[in-house]
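Here it is, the structure in full.
Chain naming follows the written order as A, B, C and D, and within any one chain the residues start at number 1.
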Amino acid sequence: MKRIAVMTSGGDSPGMNAAIRAVVRYGIKSGLEVYGIKRGYAGLLDEDIEPMTFASVGGIMERGGTILRSSRCPEFVRKETRAEAAKILKKHGIDGLVVIGGEGSLHGAMFLEEEQKIPVVGLPGTIDNDIAMTDMSIGVDTCLNTVVDAIQKLKDTASSHERAFIIEVMGRSSGYIATVSGLVTGAEAVIIPEVPVNYEELGNKLLEERERGKINCIVVVAEGAASAYTVARHLEHRIGYETRITILGHIQRGGSPTAFDRLLASRMGVAAVDALLRGESYVMTALQGGKIVTVRLDEVLKEKKRLDMELVRLAGILS
Amino acid sequence: MKRIAVMTSGGDSPGMNAAIRAVVRYGIKSGLEVYGIKRGYAGLLDEDIEPMTFASVGGIMERGGTILRSSRCPEFVRKETRAEAAKILKKHGIDGLVVIGGEGSLHGAMFLEEEQKIPVVGLPGTIDNDIAMTDMSIGVDTCLNTVVDAIQKLKDTASSHERAFIIEVMGRSSGYIATVSGLVTGAEAVIIPEVPVNYEELGNKLLEERERGKINCIVVVAEGAASAYTVARHLEHRIGYETRITILGHIQRGGSPTAFDRLLASRMGVAAVDALLRGESYVMTALQGGKIVTVRLDEVLKEKKRLDMELVRLAGILS
Amino acid sequence: MKRIAVMTSGGDSPGMNAAIRAVVRYGIKSGLEVYGIKRGYAGLLDEDIEPMTFASVGGIMERGGTILRSSRCPEFVRKETRAEAAKILKKHGIDGLVVIGGEGSLHGAMFLEEEQKIPVVGLPGTIDNDIAMTDMSIGVDTCLNTVVDAIQKLKDTASSHERAFIIEVMGRSSGYIATVSGLVTGAEAVIIPEVPVNYEELGNKLLEERERGKINCIVVVAEGAASAYTVARHLEHRIGYETRITILGHIQRGGSPTAFDRLLASRMGVAAVDALLRGESYVMTALQGGKIVTVRLDEVLKEKKRLDMELVRLAGILS
Amino acid sequence: MKRIAVMTSGGDSPGMNAAIRAVVRYGIKSGLEVYGIKRGYAGLLDEDIEPMTFASVGGIMERGGTILRSSRCPEFVRKETRAEAAKILKKHGIDGLVVIGGEGSLHGAMFLEEEQKIPVVGLPGTIDNDIAMTDMSIGVDTCLNTVVDAIQKLKDTASSHERAFIIEVMGRSSGYIATVSGLVTGAEAVIIPEVPVNYEELGNKLLEERERGKINCIVVVAEGAASAYTVARHLEHRIGYETRITILGHIQRGGSPTAFDRLLASRMGVAAVDALLRGESYVMTALQGGKIVTVRLDEVLKEKKRLDMELVRLAGILS
């Protein structure tokens, strides 16, 4: 192992820069040359590759986004495209590849090794927390705090008026962000893909709480379960009072990463280099019980991370 | 002057609690009894009135929203309703009324004095910064910082992808929030009610900037000019790449008030009590050139605050 | 089990309110009466005890500090004092006690059960992260983010001047806060109780880095290792340039708790009630590998949590 | 006017980057060449000067500190040094100089024009708010919010314990930061250079408030009035309970600038270029009554900005 490369791929998440920094600094200190591939697999195919130094990663840990930029690269599903990518990696003398991204990106990495024998190590980077076998992915903690901060601001104004506030948060297939952010802000209801919503029941619950004197009414919706507009239409009809909508959108991907995400990303970045150095690949770094371990890529990708239903129960108890 | 009352009315804005606190503390220290009226004019009509003490305003300065709650009260446009309100105020022995709110609320206050001879002092409290004759209204500075923080988060992720981000902010009739937040974040474009938008020109500008290598693309839209969805439709068509939408909604009203808003609200609250104590009413407190002054309510309300077009020019120069 | 009580004791930490809220809400929903004891063991001895309702814990989750207040109670080391406390608990019909606090407070709880047969469940609440057998204590994550935010602000100004900045953070016996905050901000050096400091070596390292062109210089010191003034004196002498000192003090205990701390505290609060309901006591709730478990109080308290030396190594690699 | 230069000098303050950005962008758009001088007058003497482009100021508005770095340059008090500086400026063909900094830096600029006929425009950049003839200097608003945030965190923990908290903030000759931050957080006392402190009276006031049941006790001290340690010693002795100390230090200079500071800096940067373009110099840009104006440098520097004693009165009323 003499030269490795690092890339970020798919949707960006806060903490990716801390991971890049750890790979670069620790890689160089371990005697490797480290290259950065721009814009994920798309940049790889364009040979948008450059050597990284300590200076390239100076002052980046605290910044959201990814200095290597990112992209989705639909053509990477084709085997021929991956063969081309492997050729480019070999041409540049790259012996190992670190890929930071979500499920799709890790799939790409897995096939690169399976088919093309490029040693790869994946890092789970996604705000959705939907990667299996790791307790947390890079970016989830920051995203949660951003959402919680937004809901908290809504509560300020919600306590001053008689209205229901509906906030749509990220989560196409996972209700993790919605559930936890609702739980820790005492939201009145959470609507997630994992649990079918019954608008009649929900409307009744909100009406009852209002009758008991509750003046806040916050409903958190995961985008994968319904749009805020749909929820509003259903509720206004049933509860007979106005609703107001917030769609946070991509601000959930931004922001300076929290201490947790910086630490997680730094540890995983170092662990990825350590794995490559000892000849281990076809793995993803994972947080399990407070420890950073490596798990086989095919095992990670064969299952979907399930939402801990205990959190849903807690959200019910504590709302 | 022996007994005064304070209320918040219309849309809440951060800093209202600091104003309430100043009225209550300074009123009591000046030998007055101070009452709080809940839920604006609606609560007044319901006689939802209670005495305030130092304890009622303990620890509220840092909190968003308004502890007195607020409401819109459409029936207050009727003279008979206002006569009823005046009767209630007299019944409770209230000699002076402090109203914190936006244009509609100040109109109500003006008529209460004109028709019913209730001495009133208004405080401009609205995030829209659309009240004339005062440099700033209570809540504007906090709202601006909330919007700036959100745009900054979008920029993190915008720099990582090739997309345009459209963020819809408050401002039904005023483009102040959109213009200033766009200006101080270097947004690529700002769409406001005061300036007609030409989507073809805008599309060309964005395409040119992209060709020159700019990787961010943020467009800030005031809700009164267009919806984010309309802007997105127009732009996607012209620029040929994806857009992503954020609608901040009522989080713009929330949040712990900034130092500026707390100071402004505290000064205005004390000034309102001072005015009543010296027998001055039918006025609004205003910030003019760093000083707190009082201006006649009818003069304030006969004009609309105009957006300083120099800010629009600056936003153009600096974007 | 019919009536339980909850208290916070010792130094407060952010998230304690979320734990109180969870105990009260879940306790009541489970059919228990829940009492709050004010000011820790001192308040217990003063019979400062009152019933808690849903309303008592409304809107508290997002607030720092503890609504039950806290205190240190040195006389609780005496067995007779604890006997008196037990008598008071029995007089009030309290069948189970939930104690949220650090090591000293948990010791008190342990003896209450050992000697006086009061069923107790402890929750680890301390910003020091020095409680054994749990991955994290309530408040640590918020504290870390506060410290990181402060260091980040120092870096802004440090990059503009040729100076060394020394920041003293909490940690009388544990270097956890100093190590992790230094690690995730790329601080040049971390001084902690667990590792003896060699000022000559440190001075040389800083001089070398400056010669290599590094313009920031941040040193993080745990209060238990040295005072910032001592470090400054040693360094100025050796490196020959000015130092500037920041002592964060108790702001490290404050602030709205992060999502992580709110979730941890909520889960632990519910787990504490669940334990009492199933007749389990003499335990502390703990986070182990992402799960909330209970561990015996005597086992927790017989050892000191050790700082993970891998973090120290990482801080070295990544600084 | 063909070529201008911009520099930051003295203590840095948040918003300096926004001012640099405005000078560079607007200068270039106006047909000028714009140069950046590194490390203030020291860098000027070292000819540390480079051309600036749009790219040099990309993404800097939101960052604290100054990308041009800064320094104090004691030798600039000598006329010969200034003559040398002027020679360097002329050698580089620089027709106009924009200096962003505090009183000392503006003095340097004034003499450069008086003696050496270099056209200069100053921008007031200091967190102390001690520059005369302008309502606010660049950085003050951000600094205030940083201090307020810190005090708010102290209040969380102060409400949980029976202690007095003393926080030392910046302000060698001005009590502005201490007074306003104390005012808007409801601190129990403020100690500033402008008003002699009577520890006996202060001790009695704190004791009385405690007897009346107040559980918070926060004292804000401007560094120019006393050190936090001195205050603590005086108070502990008199009030007989513990104090805790926070010294914020240079974190008060850091942080992403607020919307207010970014706007102020942007407007002043544009105004400085406008002044030079129309042949106006020997002036400082100033905020007066919401407008940006220019004022003569010698008039600014012949007086000291006085603290508005109304703020001190308000702090007394509202604490």
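Following the convention adopted for this analysis, a residue touches a chain if its C-beta (ideal position, glycine included) is under 8 Å from a C-beta of that chain, and two chains touch if they have at least 3 such contacts.
These numbers were taken from a predicted model, which means no experiment stands behind them.
Student: Common contacts of subunit A and subunit B?
Tutor: Neighbours common to subunit A and subunit B are absent.
Student: By CA centroid distance, what chain is farthest from subunit C?
Tutor: Taking each chain's C-alpha mean as its centre, the farthest from subunit C is B.
Student: At what distance in angstrom does the C-alpha mean of subunit C lie from that of subunit B?
Tutor: 39
Student: Need the CA-centroid distance for the pair subunit A / subunit C, whole Å please.
Tutor: Using C-alpha averages as centres, the distance is 28 Å.
Student: Would you give the residues of subunit A that are in contact with at least 2 other chains, written as numbers and ranges?
Tutor: Correct list: 152, 155, 159.
Student: Treating touching as the only link between chains, describe the layout with one word: line, ring, star, complete or other.
Tutor: Topology of the interface graph: a ring, with each chain touching two neighbours.
Student: Using the contact rule from the top, write out all pairs of chains that touch.
Tutor: Between chains, contact exists in these pairs: A-B, A-C, B-D, C-D.
Student: Spell out the part of subunit A that touches subunit B in their complex, as residue ranges.
Tutor: On the subunit A side, the touching residues are 8, 12, 14, 63-66, 69-71, 146, 150, 152-162, 165, 167, 215, 244-251, 253-255.
Student: Spell out the part of subunit D that touches subunit B in their complex, as residue ranges.
Tutor: On the subunit D side, the touching residues are 18, 21-22, 25-26, 29, 59, 61-62, 135, 141, 144-145, 147-148, 152, 155, 159, 180-181, 183-186, 256, 258-260, 262-263, 266-267, 270, 288-290, 314, 317-318.
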